[in-house]
Amino acid sequence: MTLGKVIGTVWATRKDEQLVGLTLQIVRELNLDGTMKDRYLVAVDSVGAGVGETVLFAQGSSARQTEVTKNKPVDAVITAIVDKMDTAE
Amino acid sequence: MTLGKVIGTVWATRKDEQLVGLTLQIVRELNLDGTMKDRYLVAVDSVGAGVGETVLFAQGSSARQTEVTKNKPVDAVITAIVDKMDTAE
Amino acid sequence: MTLGKVIGTVWATRKDEQLVGLTLQIVRELNLDGTMKDRYLVAVDSVGAGVGETVLFAQGSSARQTEVTKNKPVDAVITAIVDKMDTAE
Amino acid sequence: MTLGKVIGTVWATRKDEQLVGLTLQIVRELNLDGTMKDRYLVAVDSVGAGVGETVLFAQGSSARQTEVTKNKPVDAVITAIVDKMDTAE
Amino acid sequence: MTLGKVIGTVWATRKDEQLVGLTLQIVRELNLDGTMKDRYLVAVDSVGAGVGETVLFAQGSSARQTEVTKNKPVDAVITAIVDKMDTAE
């Protein structure tokens, strides 16, 4: 999984019917010091993560292993809202 | 998923029979400010996206979870035409 | 999928028995202007693509969705020989 | 698989229920000389790896092939604690 | 698939039980001129490849399609020992 920050939302009317009702959040990847990378992706939210929150997201087929994404054409899902990171660097 | 812009189409006569009838769109990846990256890919269109449109696409095994791509040797699919992006950057 | 050019062939006597009989083509990835990238991969040919031809290839589990690659330890397959690309860049 | 060093832990209260009880370790990828790369990821621990240990981790759908990660939205798992590397470079 | 050179071996006592008995080879990716890239990975050997040999390896779920890796948390497998490469560059 990767750490990211939710920075926005994508809106789409014309879409695969399996995406109806899903929230599509724009997530910027985070460096370990909390700064944002240039890399971003669009992930389905499965935990009620809002803009500004630090999250954990999963990619690939693992992104289809939540209740809201099962069998859907979704390759990224937010699976947790991060409370704290302990690092010993 | 990733944001992209459809910039063209690939034509192929000799191809795996499971690709017959599919539209193969060339998609350039987008930066969050709407400019195009150098990275591109060829994605099957499942939503009627035309050249010039901003789209959302899924990759990997998730690209096979639409009706038009099921069980096919397809690793990228356009799943939505983007209306709007709200970002709080 | 990605666009590439077949530039050679790999020969291997000692190999997983599921690879016996498959043609292993060396494919250089292409830029949209037709020039070759440094990136290459070795892909199984499913459409009779020869050296010098521009092809479309699929990667990951999608590479196992052709008749010649089904259930085999193959992560890249050539699925089409490209006739033409229309781009509106 | 890739070599990494466990450098910390992620804590999350609000998360997909399938993640409850899993340890989420922050892993920095290692160069072959043992120095750390900038790249990191968050991996589920399946072998009791602690901070400071050199580990092997698997990614993608293969990360769901351990007893603790089966069918869960997990795309990275620590599968071994490395004792020794012999290299003939 | 990708071309690589076996440059060493990883030893681990504490590991997922499904890895017991597998040989974990360190493989450096190769450029097409035979020089080694900085990129490396750890792959399970399924063909008896020794240090110094040029090999072909598969990644992702395709790495689990050999007899020795089936259903195991393995995301890279050596599938062939390369005899020769013909390139027309």
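Labels for the chains are A, B, C, D and E, by order of writing; each one numbers its residues from 1.
The definition used in the following text is that a residue touches a chain if its C-beta (ideal position, glycine included) is under 8 Å from a C-beta of that chain, and two chains touch if they have at least 3 such contacts.
What you are looking at is a predicted structure, and each value in this text was computed from that prediction instead of being measured.
In summary, the chains found to touch both chain C and chain D are E.
Graph distance from chain C to chain E, where chains that touch are one step apart, equals 1. Chain centres here are Cα means. That of chain A falls 19 Å from that of chain D.
Measuring from the averaged C-alpha position of chain A to that of chain C gives a distance of 32 Å. Residues of chain D found to touch two or more other chains are 60-61, 63-64. Contacts between chains close into a ring here, every chain touching precisely two others. Traversing the ring of touching chains from chain A and stepping first to chain D, the chains occur in the order A, D, E, C, B. Partner chain C is touched in their complex by these residues of chain E: 1-3, 31-32, 46-48, 56, 58-63, 65-66, 69, 77, 79-89.
Listed in rising order, the residues of chain C touching chain E in the complex are 7-16, 18-19, 24, 26, 38, 40-43, 51-52, 60-61, 63-64, 71-76.
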